[in-house]
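Each chain gets a letter, A, B, C and D, in the order it is written, and its residues are counted from 1.
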Amino acid sequence: MVNVVVNGIGTIGKRVAEAVKKQDDMTLYGLSDVSQNGGLRTVLSEDGPLHGTDLYASNNDGLEQLEDQGFYVNGLLEDSLDEVDVVVDCTPPGIDEMNKENLYAPNNVKAIFQGGAPKDIAPVAFNADANYDDARGEDFVKVVSCNTTSLSRTMSVVDEEFGINNAVASLVRRGGDIPQDSRGPINSTVPVTDVPSHHGPDVQAVMPDLEIKTLAVKVPVTYGHVHMVNVELESKPEDEEVKEAFRSQPRVDLVKAGEGYDSTGKVHEKMRDLHSERSDMPNAAVWEETVTVEDSTLYWIHMVHQESIVVPDNIDAIRAMFEMEDKESSIRKTDKVLGLR
Amino acid sequence: MVNVVVNGIGTIGKRVAEAVKKQDDMTLYGLSDVSQNGGLRTVLSEDGPLHGTDLYASNNDGLEQLEDQGFYVNGLLEDSLDEVDVVVDCTPPGIDEMNKENLYAPNNVKAIFQGGAPKDIAPVAFNADANYDDARGEDFVKVVSCNTTSLSRTMSVVDEEFGINNAVASLVRRGGDIPQDSRGPINSTVPVTDVPSHHGPDVQAVMPDLEIKTLAVKVPVTYGHVHMVNVELESKPEDEEVKEAFRSQPRVDLVKAGEGYDSTGKVHEKMRDLHSERSDMPNAAVWEETVTVEDSTLYWIHMVHQESIVVPDNIDAIRAMFEMEDKESSIRKTDKVLGLR
Amino acid sequence: MVNVVVNGIGTIGKRVAEAVKKQDDMTLYGLSDVSQNGGLRTVLSEDGPLHGTDLYASNNDGLEQLEDQGFYVNGLLEDSLDEVDVVVDCTPPGIDEMNKENLYAPNNVKAIFQGGAPKDIAPVAFNADANYDDARGEDFVKVVSCNTTSLSRTMSVVDEEFGINNAVASLVRRGGDIPQDSRGPINSTVPVTDVPSHHGPDVQAVMPDLEIKTLAVKVPVTYGHVHMVNVELESKPEDEEVKEAFRSQPRVDLVKAGEGYDSTGKVHEKMRDLHSERSDMPNAAVWEETVTVEDSTLYWIHMVHQESIVVPDNIDAIRAMFEMEDKESSIRKTDKVLGLR
Amino acid sequence: MVNVVVNGIGTIGKRVAEAVKKQDDMTLYGLSDVSQNGGLRTVLSEDGPLHGTDLYASNNDGLEQLEDQGFYVNGLLEDSLDEVDVVVDCTPPGIDEMNKENLYAPNNVKAIFQGGAPKDIAPVAFNADANYDDARGEDFVKVVSCNTTSLSRTMSVVDEEFGINNAVASLVRRGGDIPQDSRGPINSTVPVTDVPSHHGPDVQAVMPDLEIKTLAVKVPVTYGHVHMVNVELESKPEDEEVKEAFRSQPRVDLVKAGEGYDSTGKVHEKMRDLHSERSDMPNAAVWEETVTVEDSTLYWIHMVHQESIVVPDNIDAIRAMFEMEDKESSIRKTDKVLGLR
């Protein structure tokens, strides 16, 4: 059994830790962090989903701080690394790089990094649907960001089925996650003035042959990015063929605005009504009515739940790095355990 | 076993229906509505928590409309009422009154109404903690609103323990629920210009001897009302005694801002991290640090999850109306089944 | 002197009325409406910018209602129409059409309609920069919407200078204007599921030869739409050439994010700091850093102040309909009086 | 003529500078700052209201930075202080204190500080209505914060006319100003967990004999705080008498929700419609319908424009410190020049 530590228990970290714990072919060895946040405290609390999991401190200051905040700490992460096979690093940008150099590489521990990490932190930018096999046997893998993940999932099936000449995606990003309420913007739309934005090259790290450009703004919402997409195709499929392609793709859902799911708020409510844990939606959601082909241009609008979409890919990355399963069976296994379609 | 129908599957209705289904001493006989909304569709869908529950139409137009929208409808609610013991009516204000007159009273079916219903729709304004016994054997009961429920729960224990001379609560209300995104206000604070506001008399319908006045505004948030409270006491307790009183009260929680729960967004996240269904919080949450006594004045600030706080009281109301349990055992039973503290 | 009445004193109406009043070649004959709103009351108040302007009622009910609300009403609009040359109709969609049929056409009064009016209400869809001359001598003209106006202004200069093969604009629309705080969405992004959206054909009503497609979402902000644009050009200009073209276009401004204007909120503040009346910004604002050409694709992001951008075009439309000035001199005159660049 | 420098050209600083410039008995000698922001750039730009005003750097780093950002800087503030009579310091908390010690005191320059400064920075906490004379001849004065100013204005007239036994105000604060869009909270209400909050003692710094307690939350809006107030009176006036008292108080306005001004958004629009510069509202606005006396308790709800309410008090403070006018004539003069009622 692969022993997994999750380092950095924020939005992504706490979700990945729980997902690891649910798998039957890997073990959640422990959590690691440097300071309290509401999430860390809750998941470890008596009624919390990770109650009883060992907590380590990522450094000496963290050890002191966590103990001052009333946590029981099992010791320094470094001192336990010989029992650990892989660390899923969900620390903030900057910290991840230092961790690789000072902690993971010297101790011969594999590591997975997240979308905010620098490009060169790992030889593989990973998305399970698009390039699972590239991560086989690797020591360091970067799971791409939420926006990139949703674009990789949707673009890969469209490219395969209909051929993409070039693609443009306009991203409308959420300002902060639900508990990140000290972030803005309030009553403002903030353009990303690097045009095209970095999201295009990020997708190309996963799909090197794809011509894709992106633009982005940030708006005052907390649950979900929205992407408006226009793609020049090599072929001229019917709308219905494209919808069918999306339906066939794992981790992509079609939702109908006309059935009462006509906004990110109402899709959020759908996940609540389905009792999805934390109201998460790891699948990308394409609004079915928006899938439209005119001449050879394909348009659609999809929604990305920024907090959870990369969780299954982190699990698949572990399996690929330890060559535990092939792509299809890993995706199937992960989705079944996590309750995805 | 008491047969329960929930009429009006919106924010409250879908939650009460699920709560009824989980109890072992009552049966969810069916749902009733007149038209699609996202929630109705989701809870009845293959993966939904009420999949398989019978759906009735509240009237002839509703029958046609629901069928047009692709629902299988078991028939008109009226035609099945002889098998129904009680209807929990969660329809919009105005409709509830018509339903009582045309549907429930003529068919000798008991009914529970919600906080938006007119005062005189039922002889009892109900809050389980404050006046459970008043509903014993009654045919019509009104469960009071979310704001009133939180005030009744907190005021009743404070009044009992320390004596309230008079109380003022300033309410900061959410604009709309998560899926009610067509409601405002965006970037605006809206005062309720009836001063004192109706919430004071609403509490007095439950606690007739309490001197309480309220003022209110509406703000652009979707999860949680916040109340700022100042109360003149007959005694001068220590802060800690008041906290202890709140801890002893069912359905009231203390949360610590200093532990990372310092806003409604972060308390919302706490409920998500605890895997509370729909991220609901049926308990009122008092910020522990705010509980302060100066001279004989007690201050505190609490948070109300407007979507779920009245759900347990609806269950208790059923038990009271059919004299199935006494107050303590009903509250205990409900809280256990719903996973409340 | 042309006698102008503005009918419907909302967001657009009050601004057009004030702009008419400032011109020296037309007369603001009066306002017309059916009911109070804050804006009507304020502009007519003692300190208001339209104090002393005659107020008419658009119909009999309106007469009664306005008088009940404490306004002095000069009579029915219809009874004064023989002294009126043109009505700028800023009433809500649906009302505008009825007004044309029942009020303006039978009384031989010219009329200008706004962007929400149906396509066929007038033979000309008007934007001063793009097709001033089409409105010469016409009886009925429709000034296109705020989004369409900004696209017409920017696209027309780009097309003229560099040739547009085809264009895609992704619109991020504000939820409501500053006083329209009962509108949503709160904490939600709402996609327009008609894809491509109506904005493309709206631009084509002004520029029939332009290939343009649009997609749109709505977000919780009150001041300004934002458009993310990608355009296939016939030529390959340098970035600077495109910026120069935008600078040469009346009613288009370049703003630099790097100078502290990096969001709609900060551009709003710029207009406040310039003492622009109502903090209005009738020019479209292109973020200079976003103007980027790669191969033959041009990208940019611009901002549209939805409340004021069509005001100068309404003034120009009057001049065109009465053949008072040619295009260049009307635009120059309007911009000088309104203090635009 | 008193020579005035404004140091720190943010929300308050730019407004005070313009207000100083408009007075006929003082001279705006210059501005001082350390770095660009959109406001500084705009007000000094060719079309800006402070075009041509001398700009100084508050320190050596600031000199370099401002010049790098393209500003013409007249030199270090310190080197010109012998020509300056008073500095209105609008720098962030922390900086103000250092400036007093290192810059103003050693150079024998009087200074005015703002509400965020520490209590002991000046011997006088100033509100023109409440304690103008206390500042006569002083070298250092602190103008109290926006919330405190609105409470001082309203409480002082109520106390004088009807006697206040004790008062409680519940504050609903805006998250950030219009251009401060990187601040939150988005979709969250944040309680101030120090209960009672600091605003009560802040008012008592101005009105030492007033019994007042406050509680506060922060919400996602950008224009205006709202206060819900309940006051125990020594007398039992009619509602109308209290309204009349508010009408008699300078810098307090009554607004009627029923006339279309029923939210902060709509009051904001009122100021826009009146062409108030920057849509500012230096008067506190009491919603007339909310002024209510029951027994001896007085309730009301008022709104505070956080950006501009302290501007006239800064001007009055200058006059008091140099004994230029008595209270009534200074207030009258300031209000006339600024266009207040």
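Assume a contact is a pair of C-beta atoms (placed from the backbone, for glycine too) under 8 Å apart; a residue touches a chain by one contact, two chains touch by 3 or more.
Please read all numbers here as calculations on a predicted model, not as lab measurements.
Q: At the interface of chain A with chain B, does the proportion of residue numbers present on both copies reach over half, so same, or stay under half, so different?
A: Homomeric contact, same residues on both sides for the most part.
Q: Hey, how far is the Cα centre of chain A from the one of chain C, in Å?
A: Each chain's C-alpha centroid was found; their separation is 42 Å.
Q: Report, in whole Å, the distance between the mean C-alpha point of chain A and the mean C-alpha point of chain B.
A: Between these chains, centre-to-centre, one finds 36 Å.
Q: Averaging over Cα atoms per chain, report the distance between chain B and chain C in Å.
A: A distance of 46 Å separates the two centres.
Q: Quick check: what residues of chain D touch more than one other chain, meaning two or more?
A: Residue numbers touching two or more other chains: 178, 180-181, 185-188, 190, 220-222, 263, 265-266, 268.
Q: Which label fits the chain touch graph of this model best, line, ring, star, complete or other?
A: Complete.
Q: Could you list, by residue number, the parts of chain D that touch chain C in their complex?
A: Touching chain C: residues 14, 36-43, 45, 47-49, 178-181, 186-187, 222, 259-261, 263, 265-266, 268-270, 272-275, 277-279 of chain D.
Q: Given the complex with chain D, which residues does chain A contribute to the contact?
A: 175-176, 178, 180-188, 190, 220-222
Q: Spell out the part of chain B that touches chain D in their complex, as residue ranges.
A: 168, 170, 172, 185, 187-191, 193-196, 213, 215-217, 219-224, 226, 228, 230, 257-258, 262-266, 268, 287, 289-292, 294, 297, 299-301, 303
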